[in-house]
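Letters A, B, C, D and E mark the chains as written, and numbering starts fresh at 1 in each.
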Amino acid sequence: MSFLRKKWVILLLLWGVGLTLWQLLSLLYGPEVLPGPIYTAKGGLELLEDGSILRYIGISSFRVLMGWSLGSLLAIPVGLIIGKVDIVRTFAEPFLNFIRFIPPIAFITLFLVWFGIGETSKIALILYATFFIVVLNTLTGVLSVEEDKVRSARSMGASEWQILVHVIVPATVPYIFTGIRLAMGTSYMAIIGAEMIASNEGVGYLIWNSRLFFRTDWIFVGLISLGLMGFLTDRAVGFLGRKLLFRYGVVSSTSLRR
Amino acid sequence: MSFLRKKWVILLLLWGVGLTLWQLLSLLYGPEVLPGPIYTAKGGLELLEDGSILRYIGISSFRVLMGWSLGSLLAIPVGLIIGKVDIVRTFAEPFLNFIRFIPPIAFITLFLVWFGIGETSKIALILYATFFIVVLNTLTGVLSVEEDKVRSARSMGASEWQILVHVIVPATVPYIFTGIRLAMGTSYMAIIGAEMIASNEGVGYLIWNSRLFFRTDWIFVGLISLGLMGFLTDRAVGFLGRKLLFRYGVVSSTSLRR
Amino acid sequence: MAVTSPANTIFIESLNKSYSQHTVGELHYIIKDVDLVVKGGEFFVLLGPSGCGKSTLLNMVAGFVSKSSGNLRVGEAEVGRPGRDRAVVFQQADSSLFPWLTVRENVEFGLRMKRIPRKERTAISDKYIGLVGLTGHEQKFPRELSGGMKQRVQLARVLSNDPAILLMDEPFGALDAMTRKTMQRELASIWRNTDKTVIFVTHDIQEALMLGQRIGIMSAGPSSKITDIYEVPLPYPRDIYAPEFHALYDRIQSHFDE
Amino acid sequence: MAVTSPANTIFIESLNKSYSQHTVGELHYIIKDVDLVVKGGEFFVLLGPSGCGKSTLLNMVAGFVSKSSGNLRVGEAEVGRPGRDRAVVFQQADSSLFPWLTVRENVEFGLRMKRIPRKERTAISDKYIGLVGLTGHEQKFPRELSGGMKQRVQLARVLSNDPAILLMDEPFGALDAMTRKTMQRELASIWRNTDKTVIFVTHDIQEALMLGQRIGIMSAGPSSKITDIYEVPLPYPRDIYAPEFHALYDRIQSHFDE
Amino acid sequence: SADAKSEGTLKLKIADITTNPVFRVAVSKGIFKKHGIEAELITFATPAEGINSLFIKQVDVAYGADFPLLNAVSKGNYSIISSTGTATDANASEWKLFVRNDIQSAADLKGKKLSFSRGTFIPYLWDVYLGENGIALKDVELIGQGGFDESYVALKKGEIDGTWIYGSVLKEKFGALQEAHELTDMSKTPVRLGTGLIVSDELIDSNSDQLVEFLKALDEASEYAQAHPDETADILFKEVKQPREATLKDLPNNPWSIGFTEKAYNGLVGQKKYMIDNKIIEQDFELKDKLNLDLVRKAFPDRVIELK
């Protein structure tokens, strides 16, 4: 009990020290160089008053959630197929290991051309950002299914299709979930790229547009919004996963590797 | 034997089909929209002839390698400390889980302000992109060290410092290595952002600048270079790890989760 | 008591298995020229040192691993692939049970694959869950059970499919000494109440003597075969301090002392 | 033969251990009021069902786990933290050996921590590697060894530190039946050639009788204690078919049948 | 930074963009050196970013269009020291308005979706152009875009109905569009796009003589570029990968004439009024205070107007 209380005190102290340091540094270097917490809060308030920051967060969240869920929905069957069918895997693996080094932002022009300047291309960009992570994780999951499970199902008379549906897929759920959760991080990362495309709204737009007018305080507000959005959705996804996918052995993990 | 030969035939066939499809699609949409393999090859040749693409690859690789190695070098001790010292971890974990959703590109303006327009800011951006992944993996590694290892070292008379150096660090090597290798991927992703900062050279610059001139072929050349660079360094790092860190149990893994 | 029946008799003639090794060029046999007939309803134990090929032989009977040459029949039918007539109990319950299903769902898996109506399924699973002494634990997940209980689930799961043959690969190898003794006693009594053929793999001489009607001794690999077969004419449940038990123990032990 | 010496005598008086549970409020004892004196040079076996608290008691003697109340001394000294006088052999060799060190390096670990010069170290490790029968395997890594060989490495590693007391927590629990018998025989003979005190934890009655001079029976938890202590006046190496062995086996077995 | 005054050589860091040939020619042909300037070019993606770098003392001189220039001088102690003389009719005629085929006259733009590049003068241009044709800004929808590749695709697909573009590459691309045609160009509007040079007041105080030389060097470099288009195209391809054809076509439309003309002044005035009206500049200021024409007057006395 007293340890717990002590922990909170120390934590508060540490955060206090952190904030003070931030403010001091900002005073030292000037708000242009490092917008301090007070200056940032002012900028945030400005954006809060006219409601724009909340609208931006809403819009960006919508885009992220759309791109992320569509990407995951597409990626899961693709990952299952790549994992199950050897010849597809031989073909796809070098390709996957090649394309995963190409950042979403590099595809802006192409996506524009393919999907236009509306919501589609923005969502497609986020979809791209999440797709390969989920595919790779699903694939890893399929390859990690214990041979014993498949063997026992087979000797209990399950058909190959039944094995896929009743063994491979449920056994892969924890991997798929990890993939989906990791992809969540990347999709927030891709929002700036996505909102470089023909948009007048969104957190990514805020960050990018503030560059032009050198509003470092707004950039900070944008960064903090992004961090918070990511943090909260990650926790929410983790919580839902723990509740809904409990039987598949999805457990909480606070610090995820990216 | 015959299976192996067959595999190669099928693989060649599949790649052939892929390339043909790409070319056909490009003919359908026009090279503006989708530069086909032939058109891309021509653009690549143009850049190869005056040596610029090789120079760009060299410059970008240098930036990536610098940022990545500095980031890793910094991140390892930080990860060890966060993993070992409970109070630091309590403070740092929410912060880490917050900041990992903020993409490197969001920091362009701030890094410009902090580190100037030279190489420093570009390298710093890549450093940022790799830092947190390596920290999170190192941290996970430290937390995964089996209690038995620490206990046995302790009962053989090792001091706390000796335990850190002779038990925790070597036991964490495989995690650190995974982190470093994953970070490699992200650092290639960050190069476009890094080379948006006041530069007129590099693969990221090529991709970004070619938008201005509608040179979709050059964009593709840039993308392919990026993919190849990433793929090859990833293999090289994997190979080195396997050879040099063999005793720490670092083994090859073809498909890495991002 | 067990009743002999030709449909669950296993015929093995000059059976060979080698994993061809390209690089060496020579054929390396895991098991070579194995001849064995396990009569329907018999409890046959396969005893041999680690790595001699016991699992390989069992997996060939199960249809998981293909033979290199020789004959392998169950009743009249050539063994080619896994079948519902041959159920397998694996050593690692963790890797063969489905962790996302409850005890009851695990036990009913084979029935569900056969699309047996729910009511019938419940009746059957009730029966076998009762037989292995797990009544009251139907709603638990495997992760909530002890090692011994998990093995009981495996047993109930295969029994509910009513196979003619039970193939058990060191099913009690991972249990603690006390649980192991209990499970041996119960397996013998379950077997005596059905007419199933059992092949039971172990490397524990005492366990072999507790269970088997006949014990086949496998020589150490490579090219291992069944060198001797001992009849165990003792009544169940067996007493390890009976002089005949002791005598057989010493005779079998002498095989491995050399 | 073992020589009694006060410095390696273990005194346990009214020892209690509870992991306090905030939420419940009541104190939940793992072990309660344990009294025990293990004389210097004695081979003492702790026998009890799974989960009764054997490991907890052993870990308290090792200094890994702090006591809740009571007295716990080795010789004259209060036990507070791990010490070089009390070496521990863990059940899972995999989690306690250092996989990045060769057999020799593992054995020399404690000596290296004490900064013993290389030549002296080699002499000592040669001696103990020979004693456990691993000569010729000095340059191998743990992953290249079988389970039994790994436990030999653990044994050599702790012996090379010349501790007064050996604490062994089911060291042979993970080995196959045959290897286990061999290791028991060898441990008994190694012990008889030194003057070390041994506390050996097991739940295998036969193993307890093969090894112990005295066997302490622990009752099932919670609040478990040592209920009975049996003297085993049989000479080493012991014969499991000796009538006295048999009689003792039955007497001890009856404790657990109830 | 600009402190090395020794032996009359001035070190300058100049913010440049990829499409501008003048600075690069001045460097590679040794023109800066001849005038005692040791220049380092820093390439930015947009002029706005280059000008922003002034604030953090990463560059000494920046160059850009009226819009970012005004934005910058409103924020601190910086002055516009010259215009590049590109606020001409010829240059303005290079700004083309491309519209979808269903639009045949300016009046048809009512209720349409029109593109603008973020952080540029285009909204101002729309304001003026539409105003002249009797359409209020609120009767159209302005869509902000990040690049011309974007407006190209959007125009082709009908996701926007009109866009202003500049330069030969774009003119060719947009001209080839089946779905769109050129409606007019900017020379038919009163808007002239000036570009100018901006430095800190501090630098003017300490190094005014060298800055005069700097301006002379720029004029000379531009003349050289006009006279040697092929060489200029090679320099640009080598250094920033601008395709040669693009340089060759654009170069004749972009001769720099260092000075400060009436047109340049009027451009700034109109632009500033728009920015203040639309709250892009929060704090109004006296334009004259932010113009320092002494240097350029010393360099080219006959090309500078008197400010009233």
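We adopt the following convention: contacts are C-beta pairs under 8 Å (C-beta built on N, C-alpha and C of every residue); 3 or more make two chains touch, one makes a residue touch a chain.
Everything quoted here is computed from the prediction, not taken from an experiment.
Pairs B-E and B-D differ in how many C-beta pairs touch across them, and the larger number is found at B-D. The centroid of the Cα atoms in chain A and the matching centroid in chain C are 47 Å apart.
Inter-chain spacing, taken between the CA centroids of chain C and chain E, is 84 Å. Of all residues in chain E, those that touch two or more other chains are 49, 52, 56, 147, 149.
Annotation for chain B: residues 32, 109, 113, 211 touch two or more other chains. Contact between chains, as defined at the top, is found for A-B, A-C, A-E, B-D, B-E, C-D. Chain B meets chain E in the complex at residues 32, 47, 50, 52, 109, 112-113, 116-117, 196, 198-200, 206, 208-215, 218. In the complex of the two chains, the chain A residues touching chain B come out as 7, 10-11, 14-15, 32-34, 87, 90-91, 93-94, 96-103, 105-110, 113-114, 132-133, 136-137, 139-140, 178-179, 182, 185-186, 188-193, 207, 210-211, 214, 216, 219, 222-223, 226-231, 234, 254-258.
Interface of chain C with chain D (complex): residues 49-50, 146, 173, 176-179, 202-207, 241, 246, 249, 256. Against chain D, the residues of chain B that register as touching in their complex are 146, 148-149, 151-159, 162, 166-167, 170-171, 173, 247-249. Note for the complex: chain E touches chain B at residues 18-19, 42-45, 49, 52-53, 56, 58-59, 147-149, 152, 169-170, 173, 237-243, 246.
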